[in-house]
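Before anything else, here is the set of structures, which you'll find just below.
In the two complexes below, chain A is the common chain; its partner is chain B in one and chain C in the other.
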Partner chain A sequence: MQILRETKLEGLKLARKIGRERVLEVLSEKRLIGRGGAGFSVAKKWEIALGVKAKERYVICNADEGEPGTFKDKFILKNNSETMIEGLLIAAYVLGAKRCFIYLRGEYDYLRGELEEKVREVLKESKMKVSIEIVRGAGAYICGEETAILQSMMGNRGNAMYKPPRPTVSGLWGKPTVLNNVETLTCVPQALVYEDWNPDYRLFSISGDVSHPGVYEWELGIKMSTILEVVKPKEKLKAMSFGCFGGIMPVKKNLSISQDTLCKNDCQHGAFSIIFIGERHNVVDICLSIAKFYTYESCGKCTPCREGTIRLVNLLKKIKNRDADEGDVKLLKEFAEHIQETSLCGLGQSCGNHILTSLKHFRKDYREYIK
Partner chain B sequence: MKEKILLNILHEVQDREGYLSEKSLKEISKKYDIPISKLYSVATFYTMLRIKEQGKYVIELCGSPSCVLNKSREIEKFLEKELKIEIGETSKDGLFSVYKTSCIGCCDEAPAMLINGEPYTKLTVKRVKEILGELRKNANT
Partner chain C sequence: MRISVDGKRLEVDGEKTILEICKGLGIKIPTLCYHKSLFPEARCRLCLVDLDGKLVTACSTKAGEGSEIITDSKRVLKARRRNMELMNPGANISELSDDFEAREIYEQVGLDNERFKPIKNYLPELGAALVRDNNKCINCGRCVQVCEKIQAISAVDFASRAHNEHVTPYNEKHLSEIACIKCGQCLINCPVGAISERSHLKEVIKALENPKKHVVAQTAPSIRAALGELFDMEAGTLVTGKMVTALRKCGFDKVFDVDLGADITIMEESAELLKRIKKGGPFPMITTCCPSWILMMEHFYPELIPNMSTCKSPHEMLGMLIKTYYAEKAKVNPKDIVVVSIMPCVAKKFESTRPELNTEVDYVLTTRELGRLIKQKKIDFVNLEEQDFDPTLGIASGAGDIFGNAGGVMEAALRTGYEVATGKRLKSVEFGSLRNFEGIKTGSIKLGDKTIRYACANGGANIRKLLKDKDKYHFMEMMVCPGGCVGGGGQPIYFDEDVLKLRSKALYEQDSKKELRRSHENPIVKEIYKKYLGKPLSRKAERLLHTRYRKRDGF
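And now, the complex of A and B:
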């Protein structure tokens, strides 16, 4: 796997040798984009933060992956955290940051001891005069969002904030702040060191009704038939859910996984998490489990999201209990669209995707439950 | 308070005392000059910070789709029956507090749960029964 290649501080050494400008050029030439789902250019993000006049800048490693079905950053933290830490140090070097942070999700606290040890080792060997502090998350999914994570770190509730200003301009304690996730930062030294580094490899988190769930590395555009050969469905598959916010669609063997092909099915790949759903399940049940997640994780700031996600759960429960009619399904769709249009952050804006896509692709499952 | 990470401070107190009591929040408030109302607001925002006394073992059962597909509901029912409590409560003997949680990132080893932060995966009712038995035994020794 490309993501497991170690760089042993060679990336940092090279960065210091060629200088920050050239590092940005190389990362741009190598087409390194963020792996959190938004796909923004890493070099561009760093450049924006660099362009802001400030006495201090901060770098944060976002290790708060929490989208259901996603566990690839955990895989890196367990297997190649040294390279991720090196990526953090290269970012600190380029940005002139003296204080770096790793925001580790509370659910991964059992990885903290080893991570702290690795941080100490890499820092010592690098001889860089920066600090890396681990911030202990506490079970709020919303804190993976870039403005919420800053609020959380500044001692507030993890509410999402209006943008602009973006964190790159005014972030932690008002200073330009670069946030990259674990996978992105791990790619930084690898992209610098290895000539044959491929920007199109992605880590996939595969789970659900398959015999070989796990983390896989595949190239963008991979065919679903190839994926299925590897992960071996336990039964005939009905659907696949791209994490929670990427939507639910039928499993099509000829589908290649890319932004364009998924868009045609109203889905998004997000962080490349695929939950396979077998034929014995009704998709409405899975939608209910996803809807509960959003209710649980809404930060409560925007009324449509705070109240609307609860209404979605209640309507789905009503449908599941065979107590609903077509009017309720219509209302469900309206609510989902309304919340998406009127919420501030990505959580609210995507909390209806599973409902809207399942209504499009699996109307039959709803009909099964309707009076 | 500038530039100190409040979350880490709260976690440290919780690690030591099991939960964030009114007394400890008042002490943090005084030490770091943060209004108690703000501390309460922050502490109640995060599901892993707790302001009530907890059982010796805090069980967090994952309720996400991958675990649901792999029969986590059976584990949930078993826990409620075995411990004679509902999700969100603490058993009478003070040993177990049980919660349902969002994804804990063990989807490839579903169903899964955390007990005092440590992952337990590929759960079956039989396995959970054994785990509870071991924990009870450890608590008594």
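And now, the complex of A and C:
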């Protein structure tokens, strides 16, 4: 796997040799984009933060991987954290940051001891005068969102804040702050060091009704049939869900996984986590458990998300209990759309995706439950 | 910057938010969580507008060059209505009090209340001063922000997530168990009335209906400048005479003026100041008219207890005199007297439960409660004739009148303190530096060969700021509510700070129209001291008019 290639601080050495402008050029030549889901160019993000006049800048590694069905960052933290830390140091070098942070998901606290050990080792070896602090998240899903991370780190409630200003302009304690996730930072030294580094490789987290769940590395545009050959479905597959927020769509053998093809089906790949769902399930049940996840994880700030998510759950429960009629399904759709349209952050804006896509692709499952 | 709003092209200031732009154009956009002096958190999401095809919140968004804004399309109106529906399932507009902002906004947005049922199920919280009902709360967060940013107390914050998110005091405790100063600014800023005062109205009505009881009302300086607003009179209209008539019509046997209590407070306080000047401290001496400030001091600055003046607040002083001096004079059994203070303040309700005060005030009504009482009695307030206070305890100097303004206590104290200490007469009794609308006001005055430096602060955050260099001053006045008592937590709810300025102006006008502007020249004050108390700080005065304080927990 490309992501497991070690760079042994070669990347940092090279970066120091060629200087920060050249590093940015190389990263943009190599087409390194963020792996968090938004797909923003890494070089550009760093450039924006560099362009802001400030005494201090911060770099944060977003290791708050909370999306259901996603576990690729854990895989990297376990197997190649040195390279990730090196990526953090390169970012700190380019941005002139003196303090870096790793915002570690609360549930990954068991990785912390090992990670601290690695941080000490790498820092000692690199001889850079930079501090890397590990901040433990408290378990909120929303704290994977960049503004919520900052709020959480500053000791406030983990609420998403209005953008602009973006964190790159005014982030932690009002200073320009770069947030990259684990996979992105791991790619930074690899992209610098290896000539044959391929920007299109992505880590996939596969789970659900398959015999071989786990983390895989495939190139963008891979055919679904290839994936299925490797992961071996346990039974006939009906649907796949891209994490929680990416939407649910039927499993099509000739589908190739990329931004455009998924968009055609109203889905988003996000962090490339695919949960396969077998024939024996009704999609409404899956939607209900996803909706429950959102009612638990909404931060409660915006009215539509706070009050709306619980209404979606109640409607889905009503449908599941075979109490509902077509009117309720219409209401479900109306409010799923409404929440997405009027909420502030990514959570609210995507918390109806599973309902809208399942209504589009699996109307039959709903009909089964309706009187 | 050029943009278009509802199809009209215009040139606007790029630094303004869409809401401000629309306000300037006279376009009404409904808002609940927005407040002029607070940070726009965009929680309620009622101010949605269409910005280049995307729905955004007008309160927090700035328009870009050439952008197109639509404020009244079907899509926008529908989205607003849906958010209203989610916020308030099962709400009944007709049940809502007129006092609150929400009423008008509900009517503007329209409320479709059939599709969802309410899910909130909280226990309302009953305190000595405030009642909080989270079931009515719409999580706009204004109380949280006011408490943190303007009052610098942070007594309440949000807890829990999603639909369980709710406003709660520290550690889900009761407001009475934590460091809450009961100023009621949260109440003033609540658009839906989820926070309200602990009403004493029922008890007062019961007392009024009891023929055996001799019910006495005493009205605070600042309510006469605000009461009219409850009857749709213009802000800043003085309604002193109408108020007295209305109180008599409500059945109060006597109506007395707390301004007189203020005059007595000044006598005691200035005597205390002069005594401290002679003794050399402790300085600064700090006023104690504001019960919220006393609570704030006890919770957060207990080391200031020796600095505090020991004077009770004016209405407590007058309440005491009603049950002693007046009872003797009028030959009424003190046990039959019921003293009802009408105050601009919810903390006064708490104050009257303090054991240290040996209080003789039985009930405290806020300005709003008095308005409710008058409405209940179906009195046509606007067209009432004007009557005077009962003269026994009803003549006050202009110095007492301005107690309702931030800086007023200081000004009144300086008038008396200067003239008593120096024996000279002030050329002008108006202290311009104390009359602006700043949060912190300072100045100095020469008393003989000694310069006395004084400072006033209003608003909790300003108090904290001023206390950082407290050692510079000899005399300080602290008022917790912005603008002083005119902006108190018991006053009619206002949406615009200009209202406070008008109220404040009205009080100064009342002062300037009076011949009698110095507390120590008030004939009733003279009489009370001659016949009853002796002189300021006499043993009897100490016993009746002074109090003590205690340390409280900082959390």
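The definition used in the following text is that the second predicted complex is superposed on the first by the 371 of 371 C-alpha atoms of A that agree within 3 Å, B and C clash if a C-alpha of one lies under 4 Å from a C-alpha of the other, contacts with A are read in each partner's own complex, and residues count from 1 in each chain.
In this section, a contact is a pair of C-beta atoms (placed from the backbone, for glycine too) under 8 Å apart; a residue touches a chain by one contact, two chains touch by 3 or more.
Note that this is a predicted model, so its numbers are computed, not measured.
According to the stated criteria, A:341 is in contact with first (chain B), second (chain C), both, or neither; which is it?
second
Return first, second, both or neither, reflecting whether A:135 touches chain B, chain C, both chains, or no partner chain.
Touch partner of A:135: chain B, not chain C.
Check whether A:157 is in contact with chain B, with chain C, with both or with neither, and answer first, second, both or neither.
both
One more residue to check, A:232. First (chain B), second (chain C), both or neither?
neither
Once the structures are superposed on A, label A:363 by its partner contacts, choosing first (chain B), second (chain C), both or neither.
neither
Please work out whether A:307 is in contact with chain B alone, chain C alone, both, or neither, and reply first, second, both or neither.
A:307 sits against chain C, while chain B stays out of touch.
Go through the superposed model and pick first if A:330 touches only chain B, second if only chain C, both, or neither.
The answer is neither, since A:330 touches no partner chain.
When the two structures are laid over each other on chain A, which of chain B and chain C touches more residues of chain A?
B
Does chain B (first) or chain C (second) touch A:66, or do both, or does neither?
Only chain B is touched by A:66; chain C is not.
Is A:296 in contact with chain B, with chain C, with both, or with neither (first, second, both, neither)?
Touch partners of A:296: chain B and chain C.
Which chain A residues come up in both lists, the one for chain B and the one for chain C?
140, 157, 296-297, 299
Write out the stretch or stretches of chain A touching chain C in their complex.
140, 157, 162, 294-311, 331, 334-335, 338, 341-344
Give every residue of chain A touching chain B within the complex, in rising order.
So the residues of chain A in touch with chain B come to 65-71, 74, 105-110, 133, 135-141, 152-153, 155-158, 173, 205-209, 213-215, 241, 244, 273, 275, 277-278, 281, 285-286, 289-290, 292-293, 296-297, 299.
Help me check something: in the complex, which residues belonging to chain C touch chain A?
Touch residues, chain C against chain A: 40-46, 48, 55, 57, 60, 79, 82-83, 86-87, 89, 115-116, 119, 138-139, 157-158, 160-165.
Could you pull out which chain B residues touch chain A in their complex?
Touching chain A from chain B are residues 1-8, 10-11, 34, 38, 41-42, 45-49, 63-66, 68-69, 101-110, 114, 117-119.
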